[in-house]
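Quick heads-up: structures coming right below.
Shared chain: chain A. Partners: chain B in the first complex, chain C in the second.
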Partner chain A sequence: MSQPILSPVHYSPGLWRLAAQRLWSDAIGRYSFLVVAGYLLVVVAVLFGWVAQDWDREVAVNYAPPSGWVTAANRVVVPPSTLVVSGPVPLYGWTDPLEPQWSQAQTYARTASREAPHYLLTLPFGADKWGRDVGKKLLKGTQTSVWVGLVSALVATLLGTFLGALAGYYGRWTDDALNGLYGVLTAIPYLLLVFAVAAVFQQKGVGTLILILGLTGWTGVFRLVRAEYFKHRSREYVLAAGALGASHGRRIWIHILPNVSHIVLVQFSQNLVGFIKSEVILSFLGFGVPVSSVSWGSMLNEAQNELILGKWWQLAVTAVAMAIFVTAVSLLTDAMRDALDPRLRQ
Partner chain B sequence: MTVPLLEVRDLRISFVAAHDPPVEAVRGVSFRVPDHSTVALVGESGSGKSVTALSILRLLPPENTRIDPASKILWEGKDILQGNGRSVRALRGKSIGTIFQDPMSALNPVLSIGMQLMEPLRLHLGLSRREARSRAVELLLRVGIDDAEKRLESYPHQLSGGQQQRVMIAMAISTHPRLLIADEPTTALDVTVQRQIMDLLGELQQQLSMAILFITHDLALVGEFAQEIVVMRGGEVQEVGNCSAVLSNPHSAYTRALLACRPPLEDCPARLPMMGVEGNLIMPQGGQRAESPGGPPILEVDGVSKRYDRPGKLWRRNFMVALAPVSFTLLQGKTLGVVGESGSGKSTLGRIVAGILAANDGTLRFFPPEGKGSASSARRVQMVFQNPFSSLNPRFTVAQILTEPLLLHSIGQNRGERLALAQQWLERVGLSAQALGRYPHEFSGGQRQRIAIARCLTLNPRILICDESVSALDVSVQAQILNLLRDLQDELHISYLFISHDLAVVRFMADEVLVLQGGKVVERGPVEQIYHAPQHPYTQKLLQAIPRGVKPYGGSLV
Partner chain C sequence: MNGLGFFVRRLGQAILTLLGVILLVFVLFNWVGGDPATILAGKMASAQDIANVRHQLGTDRPLWEQGLIFLRQVLTGNYGNSWATQEPVADIFRSRLGPSLTLLIPMLLLETGVAVTVALLVAALRGSWFDRGVRVVSTVAMSVSLLVYILVGQYVFAYLWGWFPVKGWSDSWRLNLTTYAVLPILLGLLVSIAPSIRLYRSFLLEEIQQDFVRTARAKGLSEMRILFVHVLRNAAIPIVTNVLMGLPGLLTGAFLLERFFAIPGIGREIILAVERSDFPLIKATTVYVAMATLLVNFVGDLMYRWLDPRVRLE
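Moving on, here comes the complex of A and B:
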C-alpha cells in the first residue's frame, strides 16, 4: 500500500486543557488554585527536608508569646547547674537497671552545661509547652495533615473508581457483591468504623492513618462511578468499541474512563477535604499521629489544655491555617466542577 | 382586512453565552396564522423553527436569550412580548395549547393521566373535581382512547407512544384553545401511528375550529396537512405561501433542493440530488440504478432467534420473543433492507449479525468460512449506529477514534502508519486530514456519521450493518450520506444490512427487503415487488401510511 504523506495536523485542545483555561479565567478558581498550590509547595519542601526539620527543638522558654521580631535582647540564658544531679543514689545492694542511660544523661548534661543554652523569650508565632516554635510546628503539621489527606484520598479514589467501574460495567453478581460490601461499610457509623479499623491495626502512624481513611472512605466515589458506568456501558460508542473488537478491560479503562474522569477528579478533591478533617478529628481524639510527629489534629489537641492557661496562639495559628486550606480546596472543587462540566461544552 | 389570530413580525432572537459573542438564532422572521387555518413551519435542524414556537409561548429561558425589542408577536393585535407574566400564563394553556415531540418526557411519570388531565381544567376553567373528571373522560374518548374511565388511573409508562401523544393532545385541547402549537408531534412515532395522530388532529381541528401551528421537518407530511407553509433556514424565512402552490412550484432554491433530496418512492435513481452549501441543488450523475446479478453469498443466516427472560413469578419462566427464527442470505455487493416499526426486532437482528448480541438459536455462516488466514468475524462485520452524537467517544480525537480499530487488530506497524491509513479513509469519506486533530463535538451530525463510517471501513469489512444510520440526520445530510454509502458499495463491493423504519430510504438503498412485524418476517422479496405489489396486509398498511403530500418532480428542477 502506498503511504500518503501525512500533512501536519493541528490538534484541538482537549478537555483538560480547556478545563484548565476555564478554571484560570475564573477568579475564584484561580485564587483558590494558587492557595492550594502554596500549601502543596510547603508539603514538598518539608518532605524533602528543606524547611522545618528542627521543629521539635526546644528553642524558646515554654509558652513564649508571639511577637514581631526576635532580637538579641529577648534571649535568656539558663544556668547549667540545675540540670546536674551530683552524688550516687543508694541502691541497697541492687544493680541499677537504668545505669547505662543514667550515665549517658549525666555526660550529656555536663557537655551541655559548658555551652549554656539560651532560650528565646518571644517568637513570631509563639512557642508551645516545651518551647518549640509554633511556626515550624505548623509547617510540619501542615505537611503531615495534607500528606495524609492527599495519599488517603488517592487510595480511596483509586479503590472507589476501580470497584465502581467493575460494578457498574459488569452489573449482575459483581454489582450485587460489591453493593453488599458498600452497604455493610456505609451501615456502620463512620467514626465507629474508623476506630474499629484503627483498633485492628494496633499501631499509630501516618501509614496506618492513610490505610484507615483510604479503606473506609471509598464508598462515595464507588457510588458515583458505578452510576456513571451503568449509564455509559450501553452508550453507542461503547457498543461500537465492542463491535470493533475491544476487550472488556479496554472498554472500561480506555474508552469509558476518560468520560467519567472529571467526576473522579472532583470526588478526589472532595475526599481530600473530608479526610483532612477526619485526620484532625482522629488525632484530636488520640487515634492519629504518634507523639513523635505533629499534625493539625495533635496541635489542636495540645491547644485545648493551653487555652485554659490563656495561651491562645497555637490554637489560632492552626485553626487559621486549616480553615484557609479547607476553604480553598472546597472553592477549587466547585470551580473545577464548573470548568469540567461537559454540559458547558458544545 | 381582519386581524389574524397570531402574527409574528420581524422576530429576532439571539442566544447569549458567558464568554462568546451572541448567536442570532432567529433573524427577522415574519408570518401570520389566520383563524381556523393550519400553518406549517418547516425547516431542518438549526433553522430556528422550534425557537420561534417557544418564543410565542414565552418559554425561552430569559437568562440566556435576548429577544430584539423591535420584535412583535401579536395575539389578536395585542403584543405577547410586552405582556406581564400573568397575562402570558393565562394565554398559555387556555388560548394556546401545545404538543411536544416526545410525549414520554412531556408527561409527568409519577402522576396519573387523570391527575394531569384534570389540572388545567380546574386551573383555567375553574371546574370542580367531579366536573373535571367527567370532562377528562369525555376528552379521552374524543382523542380515541377506549376504556377512558380506567385509563384515567393509568400512569404514562403504561401507555404506548401513540396513546401518550393522544393524551397530550387531549390535554392541549381541554381548554378549547384557539391555537394549537404542535412541535414535531409525530417525529418520535411509527409511520402507522403517525397517520392516526395526524388524522385525529385534522378531525379535531374541524370540530373545534382551531388554528394549528405545525412545526416539522417533513415536507411530505406538510403537503397533506397544512394550508399555509413557512420554509425556514438558518433563522430566516425562505419562502411563505399557499402550501400546495409552494410544494408544486417552489420559488426558493432552498425549498426546491429540500424537496428533491428526499428519496422517491416511485422509482430508484442511482444517486440522490444533494444540497450545496448555499442551499442550492446539485443534480446527480447517472439515471436509474442498473440491475446487477450480485456476487456470491457472503453471509447465510439460518434460523436465528432471540428471546428475553421476563421477571415472572417464581418457577414460571416468562419469555418475550424479540426475534422469531429468521433466515436469509446476503450476497456480496448487495443490500438487504430490513423494515419494521419499533419493537419489530429489526435492531435485535442487526446486533446479532454484528456480534454484539448473542442469539439463542440459529447459526451465522460467513463465506469464505473463518479460519487461518481469513479475517475474524469482528473484522468482517461492522456496524454504523443510529446516533452519530453518541456513537463516537467524546473524549477521543478523530485520530484516536480511527486508529483504535487498527490498534486492536494490529494493522499497521507503528503509529505513523496507522495515522496514514486513518487519513486515507477520512479523505475517502469526504473529510480533510485536518479532522484528525479534532474532537467529535466540533463536527456536525453528517460529518460525525462520515467519521463513524470511516471507522468501520478501516477494518475492510465485507458487511456493513446500518442500523437507522441516517434517521437522526436532516434530509439534505441524509442524501449525502446515502450517496456516500452507494459510492462505497460500488467501489468496495461491500454488502449492507440496511435497517430503517423509513421506507423511502430503504427503497433507495435496498435490493431485497425483509418486512418485520413483532419479531417475525411477514414478507420478503425484491425491492420492486415489495413496493409495487405488497402481498401481506401489514406491508400494505405500512406503505399506505407514508405521507405523500409531495408529488415527485418532473424536469422542472434544473
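Moving on, here comes the complex of A and C:
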C-alpha cells in the first residue's frame, strides 16, 4: 500500500489507515489485537530459539506439581546410579567382548556422579510424566500450533484467492471447472476430507500438516473471492482500466485485488482459528506432529492419561492457552470486519 | 415445466460432482497414496512378501485397470474387504451404522430444538442482559476445544462423580440410549450448540426487523405466536439448510465422541482405518458421504419451494 500524501488541508486517509484507526478505537479490537500480537511474539521468540529451546530436558521430578516460586529447598538430589561392579566376574578364560564399552560406561558413570543431577520438586506450571517443564512445553507447543495454523492459513488463503479471482474474473469454462472442483471438495465433510488426505500422506510432520490443511481448506476463501470478482469485473473502474489498455492480469491483481483484500484478510483470520482446531485434533489422534515435537494437540493427548492420575495441570494450561488465543482471534476477526466494512455493523 | 428442467439440471450437476469425488478419491488413494504394501507386509518383510501383498491388494496392476475396478465397486456398492481385518466393507458399514445413529439422531433433534428456542428468545430480547449473556457464554464456549470438553466431561461426570458409565456400549438400543449415549450426547450438544445459536440468532434478527412483525404486533397477536409462527416460518430456510448440512455428518458420526466413549460407530472405524492405512474403508466412506451430501442438497433445494412458495426454482 502506498502511503497517502498528507497535507494539512486535504487529509484523506486510505482504507487501511482508517480501518486501523477504527480497530484501535474499539476497545475489544485493541485488546484482542494486543493478545494476538503477544502470541505471535512467542512464536517468533521460539522460532528464533530465544526461549524454550530446552523444553524436552528433564528438570523436575515426575509430575512435579505447580507452585509459585522455586527455591533452593525445592530441589531434590538424585543419587546417581553406579555402574561399578563389586568384584571381578569370572571369565573362564574368555575375553570379554564388551570390555571396552563397559569400561567406557563406567568412566561416564564416575564423571557423571560428580555433578549429581538435582531435580526440582515444584515448577510454576508443573511438570509432565518425564519431569519436563510444562511452562516451556507450552511455549514450544504454542509455537508449533500457531505456526502450523498461520502457514496453512496463508497457503489456503493464497490458493483460494488465486483460484477465486480467476473463476470470478474470467467466468465461463474457467469458472465452471474451478466451481466443479469446489463442488467436489465441499461434497465431502471437512474433517473426513482431512482424515482421508492424512491417511494418504504417510509422513508425519509440520510440513505435511500444513499441506493437508492448506490443500483442503481453501474452499471458503474461494467462494467469497469469486463472488467479489463477479461483482467487480464489470464496475466502471475496471472497465476504465481495460479501456486504458490494462491487461487482464493487471486488472485482476493490481486493480481489483486491493478492493477485495479486506475480505481476504478476514477469511485469513477465520481460517487461522479453524486450522488450529483441526491441527489440535489431528495431533491429538496421532496424525499430526511427530513424537519428537510438541503441540497443543499432543499436549492434550498426554493430558488424557494424566487426568486419570489426577495430574490436571498440563490439561488446564493447554486448554486455557488455546482458549485465550482462539477467543482473541475470533474477536479480532469480528472487529476487523467491522473496521473494514462499517456498513456491516449492526 | 420449469420445475422439471431444474430437476434434471440439478441431477446432472450432482452426478458430475459425484464423478469428480470418485476421481479425487481414486487419485488420492491409488496414485498419491500409492503403495501401502510395505507397511501392511509388516516390519520384517522380504521382497517376496511385499510383492505378494501387492498382488493381493491389486496395486501391482496398471492404474487404468485399478480405476475400472474402483468404478465397478462404486456402482455395485461392493468395496471388497477391509485390508486390516478382511471383513467386507459393506458388513462394517451395516454393523457400525446403528450405534452412530443412536448417538447422532437424538443429538441432531435436541440441538435443533434447543438452539432454535434459545435463538428465538435471544433475538426477541436483543440488547438485553440475557442476549449479551448468551453471546458472551457462547463466544467463550466456542473457543474451548472439543477435546477439552470431552476430556473434562468424561473425567468429572463419569469417572469422578459416576453419574454415567465412563465408556461402553451394549446390544440393546434402549439401554444404549438411556445409559451409554447420554453423556456423549450432552457433551456433543455443549460443543455444537453455541455456533448454532449464534447463526440462528442472526437469521432470526433479520426477520424480526421486518415490517410484517410490526403488522402482526399491531393486529394484537401474542408475542409467542409472532415469534414461533410468523418469524420462525420466515427464517425457516436458512435454519433448514443448516440442519440439512448437518445430516451427512450422521454418516461419518462424531469421530471424537465415538472414539472416547468406545462407541462402535462409523466415526471410530474411520479413525482406526486412518491409523491402519485401511484404504478400502476410507474410500468407501468418502464416496458414501459425498453421495449423501449431494442427495441432501438436492432434497434441500426441493424443500425450499415447499417451505417458501416465493422461491423460484431456476
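Methods note: the second predicted complex is superposed on the first by the 298 of 346 C-alpha atoms of A that agree within 3 Å, B and C clash if a C-alpha of one lies under 4 Å from a C-alpha of the other, contacts with A are read in each partner's own complex, and residues count from 1 in each chain.
Keep in mind that, in the parts below, contacts are C-beta pairs under 8 Å (C-beta built on N, C-alpha and C of every residue); 3 or more make two chains touch, one makes a residue touch a chain.
Keep in mind the model is a prediction, meaning the values are calculated, not measured.
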I'd like to know which partner A:Gln203 touches here: chain B for first, chain C for second, both or neither. neither
Going by the contact rule set out at the top, does A:Ser234 touch chain B (first), chain C (second), both, or neither? neither
What is the contact status of A:Ser292 with respect to chain B (first) and chain C (second): first, second, both, or neither? neither
First (chain B), second (chain C), both or neither touched by A:Thr95: neither
Check whether A:Gly245 is in contact with chain B, with chain C, with both or with neither, and answer first, second, both or neither. first
More residues of chain A in touch with chain C or with chain B? C
For A:Leu15, using the defined touch cut-off, is the partner it touches chain B, chain C, both, or neither? Pick first, second, both or neither. first
Find the residues of chain A that appear in the contact set with chain B and again in the contact set with chain C. 346
The residues of chain A that touch chain B in their complex are 1, 3-4, 6-7, 9-12, 14-15, 25, 235-237, 239-246, 250, 255, 258-259, 342, 345-346
In the complex, chain C touches chain A at residues 13, 16-18, 20-21, 23-25, 28-29, 32-33, 36, 39, 139-140, 142-148, 151-152, 155, 159, 205, 248-249, 252, 255-256, 259, 270-271, 273-275, 277, 279, 282, 285-286, 289-290, 293-294
Going by the contact rule at the top, pick out the chain A residues touching chain C in the complex. 180-181, 183-185, 187-189, 191-193, 195-202, 277, 280-281, 284-287, 296-297, 300, 303-304, 307-308, 315, 319, 322-324, 326-327, 330-331, 346
Quick check: in the complex, which residue numbers of chain B touch chain A? 19, 354-356, 376, 378-379, 381-383, 385-387, 390-397, 399, 404-405, 408-409, 416-417, 419-421, 423-424, 433-434, 436-439, 441-442, 452, 455, 459
